[in-house]
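Both complexes shown next keep chain A, but they swap its partner, so chain B is in the first and chain C is in the second.
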Partner chain A sequence: MADTPLLDIRGLETAIGSRAGVVRAVRGVSLRVDRGETVGLVGESGSGKSITALSIARLLPPAGRITAGEVLLDGQDVLRLSQRALRAVRGRRIGMVFQDSMTALNPLLPVGRQLTEHVRAHLGLGPREATRRALRLLDEVGVTDGERRLRQYPHQLSGGLRQRVAVAIALAADPDLLIADEPTTALDVTIQAQILDLLRREQRDRGMGLLVITHDLGVVAGIADRVAVMYAGRIIEEGATDAVFAEPAHPYTLGLLTSVPRLDTSLDARLPSIPGAPPPLWALDAGCAFRPRCPVAIDRCAADPPLSGERRRVACHVDIRATVP
Partner chain B sequence: MTPLVDVRDLVVEFDVAARQWRAGGSTLRAVDHVSFTIGRGETLALVGESGCGKTTVGRTLVRIYEPTSGSIGFDGDDIATHRGDALKGFRRRAQLIFQDPYSSLNPRMTIEEIIGEPLRAHHAGPRAVRRARVRELIERVGLPADAGGRFPHAFSGGQRQRVGIARALALAPDLIVADEPVSALDVSIQAQVVNLLKELQEQLGIALLFIAHDLAVVRYVAHHVAVMHLGQIVELGTRDTIFGDPRHPYTQALLSAVPVPDPVVERRRERVVLRGDLPSPVTPPSGCRFHTRCPMVVDRCRTEPPVLRDVASRAVACHFAESTGVGR
Partner chain C sequence: MLGYVARRLLWALVVLWAVVTITFCATYLSDIDPAAVYAGQRATTEQIAAVRADFGLDDSLLVQYGRYLARLAQADLGQSFVSRDDVAAQVVDRLPKTAELAAVAMLIQLAIGVPLGLLAALKRRTVIDRGILLLTLLGVAAPAFVTGFLLLYVVAFRLGWLPLGGSSEASAVILPALTLGAAGGAWYARMLRSTTLNILGEDYIRTARAKGLAERVVVARHVLRNAIGPIVVMIGLDLGVFLGGVLIIEKVFACPGIGLYAWQAIEQNDTPAVLGTVLVAAFCVTLLSVLADVVNAVIDPRVRYG
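On to the complex of A and B.
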């Protein structure tokens, strides 16, 4: 079919072994990312957003295990690939950028080596060609003085430069999909603005799919075409970024949006907040996980609502759009 | 009325250790002639990026770090050189709240012991009185009544931060230095802790030095804002002045870089995106220290360091502060 999505996650379930027993960190996540589209996956600590991202490329820590679902890349299930076929997908078709560029890069190798190694392994280029390509990539991601940078080690670069190098490596083999897991969380705001500009530009110029995982609603607002909000291992709302921000349909999305301090709103005496804290994942019951903190919870919420809808998907028994002015 | 805190020309230097393969060490001036005041019951926010010296100012203010020079006025006394009992007396009146609610609580102590420790250390009354005070504090910061006998691991990040706040309040201090108190917390929890801090500060009349990098949070809690860049204050004024009409190009860039959680606003925004990185504080640029990244730089900025001066009802260190207003 012509409109096979680039990435189509269906009913993904990921479990993590912990001291408290096996925890269902991702509980039936379905999400699509099309070519040329940026999707933001937002949630707070422990919501399962990073585990979802790691599951896509099968990069889970040893304690993690995907127990159900499909991750279709152009219709092909990544979860069924042999290790050998998987290596051709990781880095080649799916590029990844992580939060901490210090640990994402090898501290013992000059960054040039890490870039060219990637290019040679995936594109089969010779050493000279690989170096040429590495220089072009560095230039593309805004690293000046490339010849010198190639010889430097990660610790010799600033956090912003390291993240640019990490983006260059992720883009080296022209991936169809770039997954950026909290790409700017460790950076200062002025550097964050630079890296977001870079990601926006690369996504547009290359027409690739971009999945940005973040806790920062401001980051999502500035970069994503669509947004999916996670809570306690589930997507609870998903839709066009403009629509979700303008009129959130899930009480958690609404709560999150109103509790972010903003620069451009009038100052009320108190910042609205959501009472309580997210539930520990080992203590979930069969009901909606947000119910204990929810201002509009009803009896029906004791049964977990399914994520339903077409262009806007919402997992809530109560449509707050009808009640909130 | 004299302000509670009156810091003048504070300088803090650190020796950067000499490395074997390099000759000699060098001196890092983390704080370079910083002056500010904080009134009783008032919140001054100290903002800036990593490495600007804001944490060093906070820690020096409560005498964890030794000032190299300058004075730290506290309720009329210069406490910069206090020793012994005088220093202990000051410390009783100035407390700290830390960023990381995980590493700042001893995992082997119960919540009651943690909150009661400053009381014990300063011999604040007999045991029964101290226990009553701890119970009162637990309630005051919104922890469950049975929290006292439990250990930190049983609590979430937001609740742990409440423990840190209760500990800081224990001795009824006049000043609290809160170093990034909410930046490790999730958004939905962050708002709870911001509100709690603001509420307590208003009710108890404590002066607060609020150190943060998140300008949107600062806007909610601060009365005055000081913007630091490479060890120096580059702009200082009331909250409404700094947020409504920033004059230093660095303040403008910082504000412009904060993402707004609204896709429509984000698309329309004109951004001042700074190029390049923060220069090294060991070898700061000549002239204005911001000149290497400033979008409005001219030759004068490369040679002549601007002094902090009064322009449009705030202090600002830019040669062109008269004409940098964005107008509203």
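On to the complex of A and C.
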């Protein structure tokens, strides 16, 4: 078992049907998350990071379809599970936190009900035990006055409290893997830090695997051991967070990192940005998707570079670490 | 919660006052001379003038309006020009028949609409969904007098399974209720389908699925509960309309309810009876819609605390 990663995504392909036809939103993504490890999956909107996250638990919208690949959870392919077996994985082995807790919680059910319904199903607890457990969980995620909170409705809580409740719901059945899809995007900056703290602490205390999906490089820097950067449905660079941030190997990653404002840059200086916009997914050719915007593109880029390397993987024909001082 | 109910009731009162005022003005503006209708076709000019003086029709508009409001406040809807009967008593007499029709039609409507709408949404884009869409389109599009006569002809006349119109048997309510309920049920099915499809796309449904809940739990606890609100509003409005008398249905089936009474009143230029039934209908719609709002507030905490 020691060699089997907790989550091992292999060659995942997900297509989304849209008015413009079928779009390959995820184009051959391979990614591992080990026990006790936090992996950040970064990318702009439309890069396929959220679709990747939803594919793991097969929670795609009706228009979405996984067309190829494997999602191995402890070596077992989630994509091949029966509906019944899949339900035993969702919530129980994989917990999920979504972006906007206002819409992610049912407005008509008290918090307590939403915190206990799946625990009762998964762990076979009675109502009283489930409530006790819910109170413990609320305390654990930093929600005070739990007795009252359990009776309240989502709209009666602040955004930060709601997201803590959402985290508690995801953790309620002690999952091995927590997937957090933009968990802080809808929150104020100070609350963001609190929620990140909470996720980090829970991941450490429980020894879970944590996959954080975000567009925010600051979130990744603060929480992830490893980072994978997605562009146009592919992972284009992956490695230890420190290493990638210190020395990005893909021109897109480099562009992303240099376009983050820093406190020590002069206010007069123009913030560098990547020229152009991500290509529409239905207009991709066989070459590297970043090529049209890439400052160092060469002729060979007309053939899509494979993601290669061992601990540090890059999908680029050019070694920018050698060319950029 | 109590404050909410009080606010809704107050608003209902304002609406009713507006309805009363508008109908009052409408009769005043109409060509029909109430005194002439009351006095009858062979009445002389002197007799009509006597009637006019007798009923205070020569008083100013405002005085008449005030008198009208005062009488309404005592549930006095006046006296029929034709039969000289008390309109309020006539309406109350016919209310049970109409209420029976309304209740049975609503039950049929829900029994058709809720399962079909839910099924169509859950089986979206399948043959089942398309079949239900087509069927309900027919139900919505077919006019009540067509389906009504069709049912009467086939079920009552040809097959003889149920009594023809005008019967006082208890089973006489079935055909008119079916005519009314089938159309409403088709309408409910279509509405519930789109409501449910919207809800299925909500984030909290994804959350519920991400928890590993069984699909039937997701549907019953998370989808249905959120779909009930719009249904309750529709039930409230429809019941209000039904209770006010469904003219065409009651006419087609010769069902002696408020609707038929209103129909006859219109045919005979019987202004007090027309006004009375209009006001009763408005009262029913307003009251039931307030009731629906209150039920909604019980279901949805956001309404209650909002």
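Brief remarks on what is shown
Keep this in mind: the second predicted complex is superposed on the first by the 319 of 325 C-alpha atoms of A that agree within 3 Å, B and C clash if a C-alpha of one lies under 4 Å from a C-alpha of the other, contacts with A are read in each partner's own complex, and residues count from 1 in each chain.
As a working rule, a residue touches a chain if its C-beta (ideal position, glycine included) is under 8 Å from a C-beta of that chain, and two chains touch if they have at least 3 such contacts.
Keep in mind that what you see is a predicted model, and the values were worked out from it rather than measured.
Once the two complexes are overlaid on the shared chain, A:103 sits against chain C while remaining clear of chain B.
Contact with chain C, but none with chain B, is seen for A:169 once the two complexes are overlaid on the shared chain. Of the two partner chains, neither chain B nor chain C is touched by A:128. Look at A:19: by the touch rule set out above, it reaches neither chain B nor chain C. One of chain B and chain C touches more residues of chain A, and that partner is B. Looking at the shared chain after the overlay, A:311 reaches neither chain B nor chain C. Common to the chain B and chain C interfaces on chain A is no residue. Within the complex formed with chain A, the residues of chain B that make contact are 49-50, 156-159, 186-192, 194-195, 198, 213-217, 219-220, 243, 253-266, 271, 273-275, 277-278. Contacts from chain A toward chain B in the complex involve residues 44-45, 158, 160-161, 188-194, 196-197, 215-222, 224, 241-242, 245-246, 255-257, 259-264, 267, 270-275, 277-278. Chain A makes touch with chain C in their complex at residues 57, 59, 61-62, 83, 86-92, 94-96, 98, 100, 103-109, 117-118, 121-122, 153, 155-156, 166, 169-170, 173.
Chain C makes touch with chain A in their complex at residues 124, 201-204, 206-215, 217, 221-222, 225-226, 299-302, 305.
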